[in-house]
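You will see two complexes here that share chain A, one where it goes with chain B and one where it goes with chain C.
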Partner chain A sequence: MNGYAGNILRVDLTNRVSRIEPLPEELADNFIGGRGFVAKLMWDEIPAGADPLGPDNKIIMAPGPLTGAFLPGAGKLEFGAKSPASGGYGDSNVGGHISPEIKQAGFDAIIISGQASTPVYLLIDDFNVAIHEAGHLWGKGAIETETALKHELGEQYQICTIGPAGENKVLFACISHDFGRQAGRTGIATVMGSKNLKAIAVHGTKGIPLADPKATLAKGKEMFAACFAKPGFEEWTPQGTAGVTDWVNEVGAFPTRNFQTSYFPQHKNINGEALVSKIKVTDKACFACPIPCGKYSRVKRPGYDVYVEGPEYETIALIGGNTEIDNIEDCAFANYIVDELGLDSISAGNVIGFAMECSQKGIITAEDLGGRTLNFGSVDDFVWVAEAIAHRRGIGAILADGVKRAAAHFGQGSERFAIHVKGVEWTGYEARYAPAMMLSYMTADVGAHHNRSWAITFDVASGRDKLEGKAKRVIELQHIRPLFDMLCLCRLQWVELGFELDWYPQIFQAVTGKTQSFEELLKFSERVWNLTRAYSLREIPGFGRDFDYPPRRFMEEPIPDGPAAGKVMPREVIDRLLDEYYDLRGWDQRGIPSGAKLAEMGLDFVEGVIAPLRS
Partner chain B sequence: MGQVKIGVRGHVVKYFPGEQERFLVDIAAPTTVLHLLERLRVDHLLIMMVHINGHKQPKTAIINPGDEVLFFSPPAGG
Partner chain C sequence: MIRLATDSSRCSGCKVCLTICALSHFGENNPKKGALRVEGKFPVPGVFAVAVCNQCGACATVCPVDAIREKDGVYILHREDCIGCMNCVPVCPFNVLVVHPAEKAPIKCDSCGDCVRYCPRDAIIDTEHTVMRIGR
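Then we have the complex of A and B:
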């Protein structure tokens, strides 16, 4: 099968055994790879109603058919598991170098089941697979663990790890790889922790069959050359995604003070220029990437002289604006702390901003905090509470379950400003004056995440007060962007450099030998979108429309200041957006796919589970 | 009367005339970035950053005939 290694690796941690199976051809034909494999394998293999933190949940790691080829950004890896944060479909991806390594070891997917009785790590050396004791690593930081394993095993291994947060089953723990890249969302690291799996180390030496090696090489060369020839190629790289900080403030969409407002007056202290002039050491790229968006920085503080990858934009938004840490050195230091603890920096900034607001409003008291303070703008308070969360100490044990559950615990109206969808914390774009962006967050299959549909420039271009056309564009983006996660290619070459989308079917054909137009590839993506919806419908009691609403703050509180002052998105507007979205998707008004839509998508196998939910 | 060389980086190119990454614009006299964008019917809020002759400039900066102007899209949430 060209483009595929041809095998699936199964690892049973309970019995400490592994098995290699051939990759079913129909899985590749119908679900392509990466996110497609994750969604189908989750549906088929994780028993309905499985406890996300029990032995029945499975972690699925899947490269894609383009992974490891000589193509810009061909190094992404998709992780999936039943999410302990949402209780439904969960996935997250990471760049770095581990995805090609898995493919070169001979695998298109790794399925990890069971629960080890003691801490272990998984060692994959081509087809030699072993489960080793990891007691000596347990309790170590995520990056500290990677360093220790590199020393122990050798530089040739690509490694992903969890930190104390994953070990302690914090619901927004992240998987760390390549000294600071993370698969951060939906709590897949929490599932790793529940399985006592501290790390996965991989080394592969095999080749990957290509349908047309000459055409693949030629297309790859053409794409690299096109990167270098694009206008502004050199100027964009120095700041990476941090470069967008000023713009998000200019349009009034910057999460500030737990999303109380959308403009941070001190944003220039934490923007891309501050990063470059004050802390950046060098750029850092993933496998085969010509536009290194990663920034490696050095931070010195009393007792610390540390390096951190970042902060990138999302961390600047959630740790910077959302907790009002107003200088880049402190942002980077907080970034370093959460990276070592193994906390997703997005959710950590969101949860800690929520806790700071609870403290501001007297919902969390000095007594709850052991007599100390928890104030916006204090990096010391941030670090203290991040450590409490990762170790589930005191108030940290409540916050460790994310804002949805913490708000249910604290009550007193705090659910109004618990900024999440489906139990997954909102990311770096405040959307009260951006209807398409708002709908993107509401309907993302993994909860409030921006990477399924990033539509804020569409809002600006098409009119931020208008609703027409928003649902249609969000759906288009929800098919285009996740297609990259099926192919396991970075999408930044498309969005940042303006790569033509037509190139992707051409390279898909050169690698796999399969002829698909871009429109046909999008149909695969739509199939997966409907399957992930079906998965959450199967797993979450009462799942549907009620789970697609944004937090009440966005529907009831006008933005108090900044460029979007006065803007709010009332519930009737939200309902109009949802009504149109469901109609266009072929779902009913409760957000359940129709039988006809499932049949059109080739998902007849889910109909038996979904049909009873419609009645 | 003279020409300005325009370059557009990234996804907002679709909002520029003819969706072109590189093109020339005639200007009769010095103008501002904001006026040029208005003339091109591009909302200035779509533009994250502007370089004129290789240097970052605010959107209020003056563009002269013969200048090279580069418009950057905001990085679109990886």
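Then we have the complex of A and C:
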């Protein structure tokens, strides 16, 4: 099977055994790879109603057919598991170099089940697979663990790890790889922690079959040359994602003070220019990336001297704006702390911003905090709470379950400003004056994540007061962007350089031998979108429309200041967006896919589970 | 002719060089068969090191069967003549004779220049300026 390594690796941690099976051709033909494999394998293999933190949940790691090939951005890996944060479909992707390594070892998917009785790490060396004791690594930081394993095993291994947060089952723990790349969302590291799985180390030497090596080489050369010719190749790369910080502030969409407002006056102290001029050491790329967004940095101040990859835009937004840490050095230091603890920097900034607001409002008292208060702008307070969360100490034990559950615990109206959807914390775009971006967050299958549809630029270009056309564009983006996660490619060449989408079916054909237009590939993505909806419908009691609303702050509190001052998105607007979205998707007004839509998508196998929910 | 050199401070560790090298010489999608070396030194001090062959010919001097022969300033390893003794590997001053478990002969650079043409960062350069990055 061209483009594929041809095998699936199954690892049973309970019995500490592994098994290699051939990759079923129909899985590749119908679900392509990456996120497609994750969604289908989760539906088929994780028993309905499984405890996300019990032995029945499975972690699925899947590269895609273009991963590791010669084309720009071919280095993404998709992780999936039933999410302990949402209780439904969960996935998260990571760049770096581990995805090609998994394919070179011979695998298109790794399925990890069971629960080890003691801490272990998984070692994969081509077809030699072993489960080793990891007692000596337990308790160590995520990057500290990667460093230790590189010393132990050798530089040639690509490694992913969890930190104390994953071990302690913080619901927004992240998987760390390549000294600063993370699969951060939906708590898949939490599932690793529940399985006592501290790390996975991979080394492979094999080539990946190509349908037409000469055409792949020729097409890959054309694609790199085309990237080099884009103005963004020189202009965007130096600052990477951090370069967008000023623009997001100018349009009034920057999360600030736990999303109380959408403009941070000190944003120039934490923008891309500050990052590059003050702390950057080197650019750091994922596999085959011509536009490295990774900015590896060093911050040295009285009391600390640390290296960290970043901060990238999302971290700048959620740690910088959202907790009001107003200088790039302290942002980078806070970034280092959460990376080492193994906390998703997005959710951590969101949760800590929420805790600071609770403290400000007296909902969390000095008594709850061992005699202190939590203050916006204080890096010391940030670090103190982050450590309490990762180790589930004191108030940290409540915050470790994310803002949805913490707000339910604290009450006193705090759910109004618990900024999440489906139990997954909101990311770096305040959307009270951005209807397409708002709808993107509301309907993202994994919860409030920008990865599925990044529509803020479309809002600005198409008119932010206009609702027409927004749902349609969100749906288009929800098919395009997740397609990258099925092929397991980075989307930034397209998003940031304007790299044409037509390139991808051409290289897909050279690598796999399959002829599909881009529109045809999008149909596969729509299939997976409906499947992940079905998965959450199966797993979460009462799931549907009620789970697609934003927090009340966005529907009831006008933005107090900045470029979007006075803007709010009332519930009737939200409802109008949702009505149109469901209609265009072929879902009913409760957000349940129709039988006809499921049949059109070739998802008849989920109909038996979904049909009873419609009545 | 092409004479390769590096500026490691520009390397971002993307491995495009290794990938194109293996694909063009072996028709194989496998950067482990690239005839150069890219290493990251992380977490501290956070730098990459890229090493290439400068056609010094040290390998040819120790080959017992004369499988590495010079032509126009480039030392070509003739794979069909190689007996796989690996004598050449440790004498390479840059450690860029690459050993791969599936190959009997080590893998050696032939100065084709593709790594220069496609390094997105200009971290690999031709000191003779015969080739440059595409688009430069």
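General remarks:
Here is the rule we use: the second predicted complex is superposed on the first by the 613 of 615 C-alpha atoms of A that agree within 3 Å, B and C clash if a C-alpha of one lies under 4 Å from a C-alpha of the other, contacts with A are read in each partner's own complex, and residues count from 1 in each chain.
The rule is short, and it goes like this: contacts are C-beta pairs under 8 Å (C-beta built on N, C-alpha and C of every residue); 3 or more make two chains touch, one makes a residue touch a chain.
Values in this document were obtained by computation on a predicted structure and should not be read as measured data.
In the overlay built on the shared chain, the residue A:R298 is in contact with chain C alone; chain B does not reach it.
With both structures placed on the common chain, the touch criterion links A:K514 to neither chain B nor chain C. Once the two complexes are overlaid on the shared chain, A:A461 sits against chain B while remaining clear of chain C. Using the contact criterion defined above for the overlaid structures, shared-chain residue A:K278 touches neither chain B nor chain C, since it reaches no partner. Once chain A of one complex is fitted onto chain A of the other, the partner contacts of A:T205 are limited to chain C, with no touch recorded for chain B.
Shared-chain residue A:T241: touches chain B; no touch with chain C. Within the superposed three-chain model, A:T216 lies in touch with chain C and out of touch with chain B [touch as defined at top].
When chain A is checked against chain B and against chain C, the one touching more of its residues turns out to be C. In the superposition on chain A, A:R491 makes contact with chain B only, not with chain C.
Annotation: chain A residues 233 touch chain B in one complex and chain C in the other. Residue ranges of chain A in contact with chain B, taken from their complex: 230-233, 235-236, 240-241, 243-244, 246-248, 250-251, 293, 313-314, 427-429, 450-451, 454, 456-457, 460-461, 490-492, 494-498.
Contact residues of chain B toward chain A in the complex are 7-13, 15, 21-22, 43, 45-46, 48-49, 51, 54, 70, 72-78.
Residues 68-70, 97, 100, 104, 143, 146-147, 155, 178-179, 204-210, 213-214, 216-217, 220-221, 224-225, 227-229, 233, 281-292, 294, 296, 298, 307, 511 of chain A touch chain C in their complex. Chain C meets chain A in the complex at residues 9, 12-16, 19-20, 22-24, 26-33, 39-40, 42-48, 100-102, 118, 120-121, 133-135.
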